Amino acid sequence: MVAHALPVSLSGYARAAADRLDVEALAYFDGGAGDEISRAANGRAWQVPTLVPRILRRLADGSTRCPLLGRTLAHPILLAPVAYQRLAHPDGELAAACAASAQGAGLVLSTQASVPLEAVSAAIADDPDRGPLWFQLYLQHDERFNRALVRRVEAAGYEAIVVTVDAPCSGVRDRERAAGFELPHGVSAVNLADLPPRRAAPPGLCNGLVQNAPTWEDIARLVRATRLPLLLKGVLHPDDARQAHAIGVAGIIVSNHGGRVLDTAIPTAHALPAVADAVGGKMAVLVDGGIRRGTDIVKALALGADAVLIGRPLVHGLAVAGAHGVAHVIRLLRDELEIAMALCGCATIADIDASLLGPAQPSHSQPP
Amino acid sequence: MVAHALPVSLSGYARAAADRLDVEALAYFDGGAGDEISRAANGRAWQVPTLVPRILRRLADGSTRCPLLGRTLAHPILLAPVAYQRLAHPDGELAAACAASAQGAGLVLSTQASVPLEAVSAAIADDPDRGPLWFQLYLQHDERFNRALVRRVEAAGYEAIVVTVDAPCSGVRDRERAAGFELPHGVSAVNLADLPPRRAAPPGLCNGLVQNAPTWEDIARLVRATRLPLLLKGVLHPDDARQAHAIGVAGIIVSNHGGRVLDTAIPTAHALPAVADAVGGKMAVLVDGGIRRGTDIVKALALGADAVLIGRPLVHGLAVAGAHGVAHVIRLLRDELEIAMALCGCATIADIDASLLGPAQPSHSQPP
Amino acid sequence: MVAHALPVSLSGYARAAADRLDVEALAYFDGGAGDEISRAANGRAWQVPTLVPRILRRLADGSTRCPLLGRTLAHPILLAPVAYQRLAHPDGELAAACAASAQGAGLVLSTQASVPLEAVSAAIADDPDRGPLWFQLYLQHDERFNRALVRRVEAAGYEAIVVTVDAPCSGVRDRERAAGFELPHGVSAVNLADLPPRRAAPPGLCNGLVQNAPTWEDIARLVRATRLPLLLKGVLHPDDARQAHAIGVAGIIVSNHGGRVLDTAIPTAHALPAVADAVGGKMAVLVDGGIRRGTDIVKALALGADAVLIGRPLVHGLAVAGAHGVAHVIRLLRDELEIAMALCGCATIADIDASLLGPAQPSHSQPP
Amino acid sequence: MVAHALPVSLSGYARAAADRLDVEALAYFDGGAGDEISRAANGRAWQVPTLVPRILRRLADGSTRCPLLGRTLAHPILLAPVAYQRLAHPDGELAAACAASAQGAGLVLSTQASVPLEAVSAAIADDPDRGPLWFQLYLQHDERFNRALVRRVEAAGYEAIVVTVDAPCSGVRDRERAAGFELPHGVSAVNLADLPPRRAAPPGLCNGLVQNAPTWEDIARLVRATRLPLLLKGVLHPDDARQAHAIGVAGIIVSNHGGRVLDTAIPTAHALPAVADAVGGKMAVLVDGGIRRGTDIVKALALGADAVLIGRPLVHGLAVAGAHGVAHVIRLLRDELEIAMALCGCATIADIDASLLGPAQPSHSQPP
């Protein structure tokens, strides 16, 4: 496949990937929870706010550079943690990591990665221009295992740990179940291979599966147990963000898990402003969910985010053209961000603020 | 049919039932009044509000147990009164009752049931884990008949009487009329078999058919005439709820009759908050109309309901797999409720409140 | 055609008429101005407000009787003035008049009727139960002709004159022009047969065609020139309603001409409240535009109207079954009104008020 | 093609042009940026506000005459600058100029015109009834070239210079790229033929392409460098309009470039009121984007515009019937404007104001 035949937008990648992924993998990656209302609302919530661009400002010497957790990034785009990427391409997470590295994007590796976490970090360790490398952690039911996993993550050179907190149990994944999705032979959560089996479930909600769901105490203990900065992924309420800050968490990711867990959860674009008001400036605030355009990123930053993550587009890039596809997806988004900044009159990331967002619809308007 | 081939959601059941019910029965059960605006709006009104889940709360030892009219229920789901269930399956109301009993759900038997009310109560009388068993009453034009029916209901072990008050006459059922629906031979309102014929209609609205429609005086008399607690079904205005409380009614069901009577009646999700503000805590407040997901139940409880009822999904379960289908429908909804609670950070029903509901759309938003 | 094969709703009549009318007549009758935004918005604006019905009120001895301009009507439904009804059925306006008379509905005959105005009044003069008979007047460019026409109208027994004031020129009727609509041989505005030709158009807007458009002075002169009460049809602004009252006009019809003149004109349901607030009680206030259900009439009366008119449904009835079809259309709407009143807890027209209308959507709601 | 076979509305022209333009040209002319949200929202934003027409006002001796930059125009319609019009018709900009002249419409020639600017002005110089002739300027990277171009524009008799300021770089034109659009042999920006090549791009946003994007200083310099009045096209923020006025700019065009540059930019109908409030009356305020109906023009003027421009409809007219098509497009719009004015009760342009616009939707309304 030659470069000019690749899709020209992230939605083009989504369509192309739908033709290449088998139906079970597509249901797994693209599906959401329940009626997929949050999944669809996430994207629309970035499209709906309007931009009021400014004109004739000096654009010379601009750039997308931005600070995040003590580093300066080339641009504010990270790859979100996505499980089992070898379902999308044989190279899986290794391809994604190389693509991220080549494009200066951050990478958050999933606990449920289908390649060893050490292999991923080794693949890009030597790239001086790579973005941040983080590890996403699902706290497991075995405390000893959790501690050992954190030690491996630290030893492998990951720079931060992202604890996902919005999924004490799985969501209601109708599309997956209708498609009969099961992990194929040869794809598994290799980093959890040593996890001891769960003991018989006690009574309680969800057949006892949430009996050991992580609590604030578990997070506080983890903060003390690792030298790495900790982020929480899946924060939607400002009081939870405040609580995270109070116990020493370094950053939060405003996320509803791509609409894959609790359907009708608030779109992240609507949750972001209150969360950023509560803790912005005091801790890193990232956001994901439906980011597909450079203008979406401008709006996310205008509403208080420091950076954004993309999940499904990474899978689409993998499915269409492996590492090359992922790199192209990041490149497209980064180019669109630069264009959107220039067209809004913003030479730098710091120039982006809420004054770019349009007012509410005038009161004389009325649906026909 | 093996269990794993059953639908995985209530909307899946609705689609499967549409393939199995004959066109007249489908028009009768699934149709609504007029342009079916309220019928559609009911469901959408639960989907539209957003949830702002809370994280990292203790979920251990949670449950869906909840109080209702002096009992503790296993969960807050009841089967709504639906007429002529033998149209959907030969076992009709008996199947629904067994399914409800097996799943700990409450059951409200319709006056227009197609099996004797005594047979229904006898079928589940010995199950210690069954939910509440109530009887829905349409007051008839013959006072002596009404009194005798109430005596039968009391004698058969029903625990409460639900008087439907939103249908002094039938609604404008276009879909039914277009399909030419008539009750087939062998299906009838057997519990009304002894009802004397109506005398010639006097003049007045609706060809005099509403001349003897029940009034507040009739309800007050009924409260005094039975030892059972009385509920009113079809209350949408808070002043009517207050009036019901004042005359000794024990509970109300916020309902627009599934959109089957007055089209463009307010969706029950929109009527519920004012009603619950008026009488919540002083009397039982239930709600029905378009509840199809566990998240819908969370929202109903957050808006002030003590429990919810499902109507059409019961019919869909019956049509797809008889008692087994109804039980599965209840089980799906109950499982979804537990998952939604866990994902919202609520270990118990008492943890659910309005703080879970998202704020109005921010003022910078604007439809594209 | 047997009665039970007729459509069961006004929208059913619309569909059936679309199959029977030739494409030019359909474009003429059903089409609107421009992009037909107002035409569609009219109907939706009645569907959108919700009703909050009241329960257990006494319904005995209720009726739809209501006062209008000194008479008591059997119900508040009138047939709107529609031109060239012989395009829809050979009996044209005579059929409509007989149907209205049989159903106790009012009739407003169009200046552009395709039968003589004297023939229409003669056809129903002897029916003691007929509704009001009014004449719709387009003031013509010739003052002598206007005076003679008013004399004919008075002599023929019409009880009021309705001057249409929202059409100083024709609207932009794209559908009509695309269909190449022209009046067929044998159908014409017979009551204008003696109208002298217009003199050469002077310069000005619309090629001078609006040079002699009626003004407030013309209306004031007409009030003085006839003994009949005068109504203005096409009033949307409360100040215009006040002005009409000030010069002795007896009533107004809130109308945007069925969306046939100025596209994107405010839906009549949205214009009605302010107009009724301004002049309701002091003069008759009627409304038309998109009324298709009994619930629409309840809302119109709740928002301040004294009566309603239907236009296109009359044509659909004519096209489907002549006088019988029109009578059935009126009967359906009247039956639906009675049902809606009973279901709202209103025994009489006077019981209908704005307290039946639901509150605005709660602030926690948000489009998905 | 005979006149009566031409489309009867601008949307009809759009459909007819889509059948005649080749797919690449269609993508170029009709496409927008990104997901084309702004492109679609522009048009809808004019349709959504309602009009509350006034009745019985004197319409005699009315007209569409209006003042603009010291001239009196026959009507407030101008042709927007559109590049490469010879893609749509061999006569290109010459045909458009002749049509504008014949209809008394203004013309704004694009810097990227496909015919020499002197040829265009020469073609219509002798028409005493022609509308204003303006030149749209993209400031180029070579200052000497810019100065020479302005001298040519002045010498050729153009009356004003319109500097486009909303496109420091190209937008994300997915449709164009998907169609593989390239300028065909024989169509080029002939007026830029002498432009020296750009030097190697320095680092910065957009590969350095915006390094020399025009700034307020460049505009201030241009104001001093030409005797012609200067307008800025692409102003959406009131503060930018104020700044333009402060440095001597004579007028602004509220525009988002037809949704071709920054997707999700605020619709021009929503941006216009604040801009007009800021500078209306002190400088000329024009608007473009989605104007397709006479009622759209009435609303634009009611919201504070002095005149409007149409872009794509000009191309559609060209594609369908060359100069004749463009003239017909203007004529249709002008006729619709006159009709809309008459129907609103406005005899003159000065009678149009915000009191014609309807109130916000009443609070009892609620989407079904």
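Letters A, B, C and D mark the chains as written, and numbering starts fresh at 1 in each.
The definition used in the following text is that contacts are C-beta pairs under 8 Å (C-beta built on N, C-alpha and C of every residue); 3 or more make two chains touch, one makes a residue touch a chain.
As the structure is a computational prediction, the values presented were derived from the model and not from experiment.
The angle of the rotation carrying chain A onto chain B, fitted on C-alpha atoms and rounded to the nearest 5, is 90°. The two sequence copies chain B and chain C touch through a face in which the numbers common to both fall below half of the numbers used overall.
Annotation: 41 Å between the Cα-based centres of chain C and chain D.
Contact with two or more other chains is made by residues 37, 47, 49-50, 264, 266, 270, 358-359, 361, 366-368 of chain B. Residues 8-9, 11-12, 47, 49-64, 293-295, 335-336, 338-344, 347, 358-359, 361-368 of chain B are the ones touching chain A in the complex. Looking at the complex, you find that chain B touches chain C at residues 34-35, 37, 45, 47-50, 165-172, 174, 177-178, 203-206, 210-216, 218-219, 232, 234-237, 239-240, 261-267, 270-271, 273-274, 354, 357-361, 367.
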